[in-house]
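There are two complexes below, and they share chain A, which is joined by chain B in the first and by chain C in the second.
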Partner chain A sequence: MPNRPLAADYRDARRLWAGRWERRGLILAIVAAIVFPMVAGHNALTIANLTLIAIVGASALMILTGFTGQISLGHAAFLALGAYTAAVGGQAGLPFWLLIPAGGLVAAAVGLAVGPFALRLEGLYLAIVTIGLIFLVNHVLLSFPDITGGVGGIGVPMHLGFAETEGSVLTPFSETWQLGGIAIGFEQKLYALYALIALATVLGLRNLALSDTGRAMMAVRDHDLAAAVMGVNPARTKITAFGVSSFVAGVAGAMFAYQQQYLTVEPPFNLLLSVQYIAMIILGGIGTVFGAIAGPVAFVVLTPLMEALGRQLPLISELSSSQQSTLLFSLLVIVFLIFEPLGLYGVWLRIKRYFLAWPFSY
Partner chain B sequence: MTDLVQLASSGLALGAIYALIALGFVAIYRASKVFNFAHGDLLAFGAFAMVAASGIGLPWPLALLAAMLATGLLAMGVERVILRPLVGRPVFVTVILTIFVGYLIRTAILLIWGSNPRGMPTPWEPTATVEILGAKVLLGSLAALAGAALALIAYFLLMRFAKLGLAMRAASADQESALALGIPVGRTLGLTWLIAGMLAALAGTFLGMFPRQVEVNLAFVALAAFPAVLVGGLESALGAVVAGLLLGLLQVLAQAYVNPLLGHFGHNFHMVFPYIVMIIFLIFRPYGLFGEAEVKRV
Partner chain C sequence: MSALLEVRGLGLRFGNVTALDGIDLAVHERELLAVIGPNGAGKSSLYNCISGLYRPQQGSITLAGADLLALAPHQIAAAGVGRVFQNLALFDNLSTLDNLMLGRHPRMGSRWWADWLGLPGALANEAEHRAAVEEVIDFLHLARWRDYPVGLLPYGVRKRIELGRALCMAPRLLLLDEPAAGLNQEETEDLAAYLLDLRAERDITIVLIEHELGFVMDLADRVAVLDFGRLIACGAPQEVRQNPEVIAAYIGGAPDDGDPGEAAQENPA
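Right, the complex of A and B next:
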C-alpha cells in the first residue's frame, strides 16, 4: 500500500515530509541528533563532527558533479582555500562566525574564476585542469610561509568575538562552558554548530534540486545542447554551479580547519581528498540528495570498520592502516560502480519497493 | 652553452619518458575512450617488475622484455575484468574507476615488493656519463631517448602497416561498424591495453634510472604527464609525443631559469609550470596541438 500521497501540485512536492512514515523518521532523526552529544563519548563525537563536515563537503560536490555533471577533481583545492581562510583569519583574531562564510566566499571567488574554463572544456579536459588547480593552490599556500605557515603548518584558533588584545574578556570558543551544572565541551559545541550548518546545507541542496536552477543544472548534465534549445543558458548554469559548489566547499573547509585545530597543506589537501569525496557521492548515489548524506555517513563510519577488517585479513594486515582502508574502499567503490550505479540510494530504493509491494515481489 | 646542453639533454630524456607515458594514455583513450588514471601505477609496477626480473638473473634485454610483458598482461587483465563491464557508461565513471584501480595496483606493489626504494639495474655503470659538446650527459638519459625513439617508431609502424594497427584504428573510429566488418573489437581492445602496459613498463624502466630510484611514488610522474596528453590533444599520438618532449624540456629549463627569478615563490615552481602552460594553452586551443576541433556550439 503506497503510504505517500501523490504530489498533486508543486507545493505538495516541496513538502519536507511526504507522508506519515517520513514525518516519523524525521522526528526520530531530530531527537537522535539532539540526544547524541549528551550520551556519546569523545571518539564518537569526533567521528560525528567529521561526518557532518563530510556531508557539507559532499553536498558541494553533489551540486557540481552530481547535478551539473562537471567532473571536478579539484574539490580539495576549494576545501584548502576555506580552511586556510579560517586559519589565517583566526590568527588575525577574527571570530569564527565571520570566517566560516568568509572561507566560502574566498573559495567561491576562485570557483567563479575557474568556472569559465568549464565553458570551453568538457569531461576529461576539465577533470585534468581541476587537478592542476590543486597543484596551483597548494603551491601558492606553500609559497607564503609568513602568512600560511608553509610546510610547518598553522594553528587555527577559534574566537567567539573579535580578539584584539591579548587576554581580552572574550573567551576562545574551545573553552568549556558551564550551563546549569552541565559541562558543554569543545566537541559538543562544535557538534551543535556543525549540525546546524549541515542541516542548512542539506535543506538548501534539496530545495536547489527542486528549483528551476537545479533543474537547469540537471538538464545541462543530461544533454547541454538539448538544454540550450529548451531555453536553458548552459554557460550561466555551469558558472552558477561552480560558484555555489565552491562556496559550500569553502565552508566545509573552514569547518574542517576548526575541527582539526592545526592545518598542513599536504596531506590532507591533495588529490586523494578529492577522490575520497567523489567516492562518497558515488557510494551514496550520484545526483541525489539522499546520496549527499548517506555517502559521507557510510564513508566516515566505515573507515574504522575497514581498518579493523584489514587487520583480520592475511597479507593485507602487513600494510599500514590507511593503506588498508584505501584498498578496501577501492574495492567497495569498484564493486558499486560495476553492480549498483545508483549507490546506496539504489539499495535503499530496492528495499523500499520490496516493502511497499509486500507480499508481492514487485 | 655547456649548461644549456646539459639541461637540454636531461630535459629531452624526461620529455621522452613523458612522451612514452602520454602515448600510452592516447592509445587507450583512442581505443576505448577511457582515460586511464591507473597508468602511473602500471608504470611503477613495470619498474618493479624490471628490478625483479633482473633479480632472478635474466640478462638485461630479456628482463626488460619480461617486465614489459608482465605489465602488459596486467593492463590487459584490468581491461578485461574491470573495464569491459562498463562499456557505454558515462566517461566519468571510468575515470573514477581507473583512479581506484590505480590504488589497487599500488597496494599490490607494496604487498609484493614492500616500500623500500631500490636501484634500477642497468647494463652500464648507473652514473656513467658521455661527453657531448663539453657537457657531461648521463648514459641513462641517452638510453631513455633512444629507447623511447625506438618504441615510438615501432608503435607508429604498427599503427600504419600492421593488420592489428588497422583493426585498432577501425575500432577507435567506430566500434559498431568495426564489429560488423568482422573485426574482433574485444580482442583488439585487450591488445591495445597490452601495448599501453608495455609502453608504461618501458617508461618506468627509464624513469627509475640513476638520478631517481625505483619506488612506488614513481606513479606520480603520470600526473606530471597529464599536461602533455592534453596539450597534444587526447586523440593524437603524434601530438602526445611532441608535447611530451616539449614539456619535459620546458620543465627542466623552467627549473633552471625561471625558479630563481621568482624568489621564494619559485621554490618547486617547475612542478606546477606545465599545468600553467597547459591551462593557458587550453584557453586558446581547447582541443590541443593536433586534436580535432569538435564543431559544437552551445
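Right, the complex of A and C next:
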C-alpha cells in the first residue's frame, strides 16, 4: 500500500520527506543524533555504537537476503574478514580511514569469489553452503596465528595517520581530544564516525531500493524466471548483490573491530552471529529500508530485556543469560513470522494507517 | 511482408514425450497471429522455446535474422521479445509502477554503482524511463493501482499489469499466452480493444495463444493450429475454421465458436 501521498514525479518519490511531519521527524532525529553523544554516558554510547554497527551489518544482509532473496548464513564470515583486515592492518600501522574501506574490499573479493558458486543453489541449500563459509574463514584465520593472533586474539589499534610517517610514534585515534574545553573521548569520536557511515549505508540502501538495480534484485527474489524473461540477468544480479552486500558487511566488521579493540575469532564470528543478523532483518521487516534500521535497534534494545525476562521464567532461567535471550528472541521472531511477516515495518504501516484514517479507524 | 520471427523445423522432446514436432512458422512484421490448439498441443512449449526457457533439440528460431537459440532468456528480452505468461508471473511484492519499470530494465542500461550511490545520471535515467512507463499506465488505465503491491490486486487488473509490463519493453514481438483466460466478458472485450489499439498505435507484432475461438476469429490476421506438437493448419481465420483436420482435432465436431468446457478448464485457480 502507498505509505505516502502519491508521488507522480520520481524526484518527489525520492525526497526524504514527503510531508511536514516527516520533515519534522527527520529534523528531530538529526538533533537527537547530535545531542546524544554529549549527554550519554559511557555505556549508552557503547550500546549506540554497537547499534550503528548492527545497522550497517543488517543493511548488508538486507541487500542479499531482503532484496535479492538469497538466504545467506555466511554473514559472520564477511564480518570477520572486515574485522581482521582492520586488526592486521592496524598492527601494521595503517590508518583507520584506509582500513574500513579495505575491510569492505577484502570481504567483497571473497563474496565475489563465492557468488558464482551460489548461483546454482537456492533457498535452504544456499543457506547450508554459506554456513561452510564461516568455518572456512575461521579456519584460515586460526591457521595463521603469526598474522592474526590465532586463538589468543589480536589487538586492534586505531591510527589516525600512517604510523611510519612520524618515526615510531603512533597517532592513536583512541586518545581524548580537547576542543575548546570540551573533551571528546574515544567513544564519542567512534559514535560520530559510525553515525556517518551508518547514514551513508542506509542512504545507499535506499538508493538501491528506489533504483533499477534494486528492482532487478527484487524481481529475481519474487520470480526469477519472469525476471529473466523481462531482460534481467539473474546471474549478474545475484553476483552484484553478493559483492555489494559483502563489501558493506566487511565495513561493518571493521567498525566492530575498532569498537571492540581486541578480537578473537570465535566468538563472535560464528553461526550465531549470522542467525542474529537474519533475525534482525526479519524482525525489522524483510526487504525494506526501514527494517534495516528498526531491526538492529530493536535487537539491541530487546536483548537485555529478554535476559531480564529469561531470569524470571521457569526452565529458561536454568540456561546461561545469552542462551536465554537467544531462545526468547527466536520465539519473538517466530511470532513475527506468523503474525506480522512484514516485521516492525508492518507494525509501522498499521500505526500510520490508523492515524491517517483517524478518527475513522475502521 | 517480411518475416520478423521465423521458426524452422522446431523439435522439442521431454524424454519420450514429443512436445513439438517439426514446427515451421513465420510471423510477419505487424501481424497478429493466433496460435490455437487443445490442451497439451505444445502452445506454451513453443513460447518457452522462443523466450529461451526451453532448449529445443532440433530446428532454428530467428528474430529478424538473428539466431535466438544462441541467446539466454534475458538476452532474448533485450533483443525485443516481450512476453505475457499464461499464469501470472508478476513480482507480487513490488508495486504496479515497479513491475512496469522492470519492463524497461533492458533499455535502462543502468550501472549498479551509479544506482547505489544515487549519482545524478542514474536519477535522470530513471526519470526518463518513468515517463515512458507513465504512458503505458495511461494507455492501460492503471493509474489507480500504480502504488499498490500487485499481489493485492484483482486478477483482471494483474493480467493488465502483466500486459503493461511487456509493453514497457517496447518489444518488436509480443508473445501473449492466453491473455483472456480467467477474464469475464467485459474484461475480455476491454482486452481485445487494447490489443487493437496497440496495433493501431505502435508498430508491434503480436503472437497470441488462445483457447477462445471467438476472441481469436475477430482479432487475428492468421491462425495457426497446433495438435500433439504438430502444426496442422495455418491461414486466415475463416479458412482454418473450415479445415476438416482442425475440426476433427480441435473442435471435435461442427464448426462452432469454441468449446466452453475447455475454456472453463483453462481458467487458472
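Following the convention adopted for this analysis, the second predicted complex is superposed on the first by the 348 of 362 C-alpha atoms of A that agree within 3 Å, B and C clash if a C-alpha of one lies under 4 Å from a C-alpha of the other, contacts with A are read in each partner's own complex, and residues count from 1 in each chain.
In the analysis below, contacts are C-beta pairs under 8 Å (C-beta built on N, C-alpha and C of every residue); 3 or more make two chains touch, one makes a residue touch a chain.
These figures come from a predicted structure and were not determined experimentally.
Of the two partner chains placed around the shared chain by superposition, chain B is the only one that A:Leu121 touches, whereas chain C remains out of contact. Once the two complexes are laid over each other on the shared chain, residue contacts for A:Val275 go to chain B alone; chain C is not touched.
By the touch criterion defined above, A:Tyr10 lies against chain C but remains apart from chain B after alignment on the C-alpha atoms of chain A.
Contacts of A:Pro234 after superposition: both chain B and chain C are touched.
Looking at the shared chain after the overlay, A:Ile131 reaches chain B, while chain C stays out of its contact range.
After overlaying the two complexes on the shared chain, residue contacts for A:Leu203 are found with chain C alone; chain B is out of touch. In the superposition on chain A, A:Arg215 makes contact with chain C only, not with chain B. Residues 225, 228, 234 of chain A lie in contact with chain B in one complex and with chain C in the other. Remark: chain A residues 1-2, 6, 8-11, 14, 203-204, 207-208, 210-216, 218-219, 221-223, 225-234, 240, 244, 287 touch chain C in the complex. Only residues 35, 82, 85-86, 89, 91-93, 95-97, 99-101, 103-104, 107, 110-111, 223, 226-227, 229-230, 234, 264-265, 267-269, 271-272, 275-276, 278-279, 282-283, 286, 296, 298 of chain B touch chain A when the two sit together in their complex.
Contact residues of chain A toward chain B in the complex are 65, 69, 71, 117, 120-121, 123-125, 127-129, 131-132, 135-136, 139, 142-145, 224-225, 228, 234-235, 271, 275, 278-279, 282, 315-316, 318-319, 323, 326-327, 329-331, 333-334, 337-338, 341.
On the side of chain C, the complex with chain A involves touching residues 51-53, 72-74, 76-78, 83, 85, 89-94, 98, 101-106, 108, 110-112, 115-118, 122-123, 125-127, 129-130, 134, 146-149, 152, 165, 169.
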